[in-house]
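Next come two complexes, and both contain subunit A; in the first it sits with subunit B, in the second with subunit C.
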Partner chain A sequence: MTMRSLWLTTLCALAAGGLFGFFVHSGTLLSLLTQALIYAVLAVGVGLLLRQNGMVSFGHALFFGVSGYGVGILMQANLMPAELAIALTLAGVALAAFLVGLVIVRVPGVSFGMLTLAIGQMFYLTASRSRGLTGGADGMNIDWPARLFGVPIAQLLKPGAMFVLCWSALVVVLFLLALLLRGRFGSVTEAVRDNEERARFIGILTLMPRALVFALSAFVSALAGVLSALNTGFVSPEALHWSVSGVALMMAVVGGYKVLWGPALGAVVYFLAKDALGDHATHWMAIFGVALITVIVFSPAGIAGALGRLARGGPGRAGR
Partner chain B sequence: MLTINLFNGLVYGALLFVMCSGLALIYGLRRVVNFAHGSLYMLGAYLGYSIAGYANFWLALVLAPAVMAVLGVLLDRYGFRLLQKRDPLSVVLVTFGLLLVIEDFVQTVWGKSNLALAAPPALGGALDLWGTPVPVYRIAVIAIGALVALGLMFWLRWSRAGLYVRAASTDPETTAMQGVNTDMLSAAVVGLGTALAGLAGVVAAPFLSLSPSMSGDVIIDSFVVVVVGGLGSLAGAFVAAMVLGMLQALGAVYLPDVAALLPFMLMVVVLVWRPSGFAGSRT
Partner chain C sequence: MSALVLEAVDVAVHYGGVKAVDGVSFSLARGQIRGLIGPNGAGKSTVIDAVTGRSRLTRGKVLLDGEDVTALGVVQRRLRGLSRSFQRTSIFGGMSVRRQVELAAQRMNHDRPAADAEAVLGELGLMQVADVTAEALGYGEQRRLDLALALVGKPKVLLLDEPMAGLSVRESHELARHLESLAGRWNVSVLLVEHDMDVVFGISHALTVFELGRVIASGEPAEVRRDPRVREAYLGSAG
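For the complex of A and B:
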């Protein structure tokens, strides 16, 4: 994609989202899509790590939940305005992830996934057992102030406005990531992902870029956590549970993590499918489990990959 | 007080070892970390519950692992074998999909409420151990753990099949060139590993209750064990399972606030110190 078409696509996407939020008045549809978009941002975070580092995280719910708790606790303490609390939480999560990343991205292959799972679960257990600060298993309410970034909170929480906000957040995140990965940073991380040893031979520092990608992916997931806290006004240990990480990973893989927007597509498809299943939705685990296996076995590039093949007009050979 | 805690640690350690020996065996031959292992354990437990309802506990102890063994062989033949050329992470994701399917199956068939399976009358009651009464059933759990450990050790050390398994874990291609049918071998080993998960489930059922969340609790502890012990190493898994069992049991009494975090702290510390675990991995 050229620079010009990237800008153009982004602006069109923003405008389309605005129009959609303005003209669609069905509250249920808008709130369903809002939820899908929040998970889309989370899945983009998971997919980014998979795409640029080749690492599977089973623990991104950690960043998703912790950012909600961070904002909630900072505002409960009444130390600072809500805007600053949000900024501080996002920066804090990214910094912490960077420091932790320096240690854990060195753990090879599958062990990395198991390690992220364990760290995530550690926070889940802590949050559900400590009564005081986090409200234990019941979760905590987040008291948003009357105005956020100068906008009355009641306006912001209307389904249409919330949809436009989450949509814009997703589009801007994707735009910034695309812009960043076009440059040297993108090539360096891809070189390290494909062959760390060779990348080191040609003089690339291999640890730093991987830790940065980890931090970036944590930041994106944390942003999703803040959006979710804004949307529901509530955060509970469920947001930290490994099943959230698992679902996000599934969205990223089914959507197709080889392109940046694939995971977002996966998230939207997931929510629409869950809605369309209606009464059968109690069996969503089996249905999406089968879907996950099918995609990995027959179309490793996911839905986005299949769409890409269709767009190129070829008959599209299934398989590897 | 200390006796009963050490004893409970030993019981949980034995159970974890039975679980993890299956994980380690499968990893050794197929280089697959089976995320569905905890769900297979849960499936084994619920199967045991149903069989014990129709007949008795002893039959469940034999039949449930046997059914699981068949499932394991099928899993290897139609899963791992077809995917062996794929990169390990996508196989992990396939087992994750399988986990979701099994969880749903169990919830659909047996419901979401907690179920209880009584220990057989022969193993009821309590024994006196240095002045502390301990349930006989838990002694039996330790005995089963010890039997599995000894059985696997003798089998791997001194039988021809065990020799093949060790060879194939080290280098599957060369082993196949020497005329060993590694596909058959893998099917047998994955079957055995799955049967061990089922056995752990049936054994756990009378003293941990049956619930849809039972897989999540045990799989995370098992991952800690296999990662800390070194992926694919049975001896490492044995040591790590015992350490973790003790840590859990003693931590719950002496450090109740952080007891839940101890296993993870152990894992993080060991991995930062030695990324491939106590015993190192054979990859």
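For the complex of A and C:
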């Protein structure tokens, strides 16, 4: 994609989201899509780690949940305005992830996945049991102030506005990531992912880029957590549970993590399909599991990969 | 600045009780091509690993342009001009040829990485496939890409680990002539580990012969060829 078409696509996407939020009045549909978009941002974070680092995390719910708690606790303590609490939480999560990343991204393959799972579950249990700070298993309400970034909170929480906000957040995240990965950082991280040893032998220190990707992916997931806290005004240990990480990972794989927007597509498909099933949704995980297997067997590059092949004209053309 | 670009002094690499390399010394003058030969398991690849910083030395030291680089890691040595290719092709499969060579060029702190990358690609005949993803290349092209990644930034020393492996006779002779001329023109010193004896004797200015982790002979090719120990141990006494 050229620079020009990247800008154009982004602006069109923002405009389309605005129009959709303005003209669609079904609260149910907008709420459903808002939830899907929040998970889309989370899945983009998980997918980023897979795409640029080749690493599978089972623990991204940690960043998703912790950011909700972070904002909630900082505001509860009346230490600072909500805007600053959000900024501080996001920065804190990214920094902590970077420092932890310096240690754990050295661990290869399955062991890395297990470490992320362990760290995530550690926080899940802590949040469930610290009744004083987090409200324990009941979760905590987040008291948003009357105005956020100058916008009256009542306006912001309307389904249409919330949809536009989450859509814009997703589009901007994808745009910034695309911009970042076009440059040197993209080349370096891809090289390290493809062949870490050779990367060292062309003079690249490999630990730093890997830790940075981990931090970046944590940051994006934390942003999803803040959006979720804003959308529901509530955060509970469920947001930290490993099953959230698992679902986000499945979304990334089904959507196709080799393109940046694939995981987001996976998240939207996930929520729409679940909704369409209606009463059968009790068997949802079984159905999604089959979908996951189907995708992995028939289109390892996910839905996005299949779409890409269609766009290029049939499955037969590959390679050069 | 020393006349010797690379000096390995009494280098030893032991893995537990196994003495893969045990007290080896050799040197490279500027622009010199030194062949490193010996039977399988003699420790040739281990020497390359030791010199480039991939394996830790049990004993000895490595000097690059007179500077002791023994304590430095792979990256620091590469940035100082110590480069290598791999016996098993080691490239970045998912990236285009140009992108990965440019990436390597950028790391070498060049003012004009794109131009440097182009020069190397042109030199190795990879211009026509510059925008192809590496994993879609043919085997010979991948071998040359491996070399290109090592040659970017005009290293002082290039360690080649069986660059001809898997190439046809014609291809290896072409590549050998090419390497010879390149080393001369770019003033790159080359340590060549290779099983193709025609190639090694054809382009090396000096030879070092290994057996069981030790040097058994060293000198000019003609001299080494006459050495009775070499003939017995390696070339076969009838040769």
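Keep in mind that, in the parts below, the second predicted complex is superposed on the first by the 314 of 320 C-alpha atoms of A that agree within 3 Å, B and C clash if a C-alpha of one lies under 4 Å from a C-alpha of the other, contacts with A are read in each partner's own complex, and residues count from 1 in each chain.
In this text, a contact is a pair of C-beta atoms (placed from the backbone, for glycine too) under 8 Å apart; a residue touches a chain by one contact, two chains touch by 3 or more.
Quick caveat: nothing in here was measured; it's all calculated off a predicted structure.
Trainee: Contacts for A:Ser111 in the overlay, against subunit B (first) and subunit C (second): which applies, first, second, both or neither?
Mentor: first
Trainee: Based on the superposed arrangement, let me know which partner A:Leu125 touches: subunit B (first), subunit C (second), both, or neither?
Mentor: first
Trainee: Examine A:Ala16 and indicate which partner it touches, taking first as subunit B and second as subunit C; both and neither are also allowed.
Mentor: neither
Trainee: Can A:Ala137 be said to touch subunit B (first), subunit C (second), both, or neither?
Mentor: So A:Ala137 meets neither subunit B nor subunit C here.
Trainee: Of the partners subunit B and subunit C, which touch A:Leu8 in the superposed model: first, second, both, neither?
Mentor: After superposition on chain A, A:Leu8 lies in contact with neither partner.
Trainee: Looking at the overlay, what does A:Ser187 touch: subunit B (first), subunit C (second), both, or neither?
Mentor: In the superposition, A:Ser187 touches subunit C alone.
Trainee: Going by the contact rule stated at the top, is it subunit B or subunit C that touches a larger number of residues on subunit A?
Mentor: Larger number of subunit A residues touched: B.
Trainee: For A:Leu272, is the partner it touches subunit B (first), subunit C (second), both, or none of the two (neither)?
Mentor: Neither partner.
Trainee: In the superposed arrangement, does A:Asn195 touch subunit B (first), subunit C (second), both or neither?
Mentor: The answer is second: A:Asn195 touches subunit C but not subunit B.
Trainee: Once the two structures are fitted together, what part of subunit A is touched by subunit B and by subunit C alike?
Mentor: Common interface on subunit A, subunit B vs subunit C: 320.
Trainee: What part of subunit A is in contact with subunit B in the complex they form?
Mentor: Checking each residue of subunit A against subunit B gives 54, 56, 103-104, 106-111, 113-115, 117-119, 121-122, 125-126, 129, 242, 246, 249-250, 253, 283-286, 288-293, 296-297, 300, 320.
Trainee: In the complex of these two chains, what residues of subunit A are touching subunit C?
Mentor: Interface residues on subunit A, with respect to subunit C: 184, 187-188, 190-191, 193-195, 197-205, 319-320.
Trainee: What residues on subunit C touch subunit A, complex-wise?
Mentor: 52, 54, 73-75, 78-79, 83-84, 86, 90-95, 99-100, 102-104, 106-108, 132-133, 136, 149-150, 152-153
Trainee: Going by the contact rule at the top, pick out the subunit B residues touching subunit A in the complex.
Mentor: 33, 82-83, 86, 88-90, 92-94, 96-101, 103-105, 107-108, 216, 220, 223-224, 227, 231, 260-261, 263-265, 267-268, 271-272, 275-276
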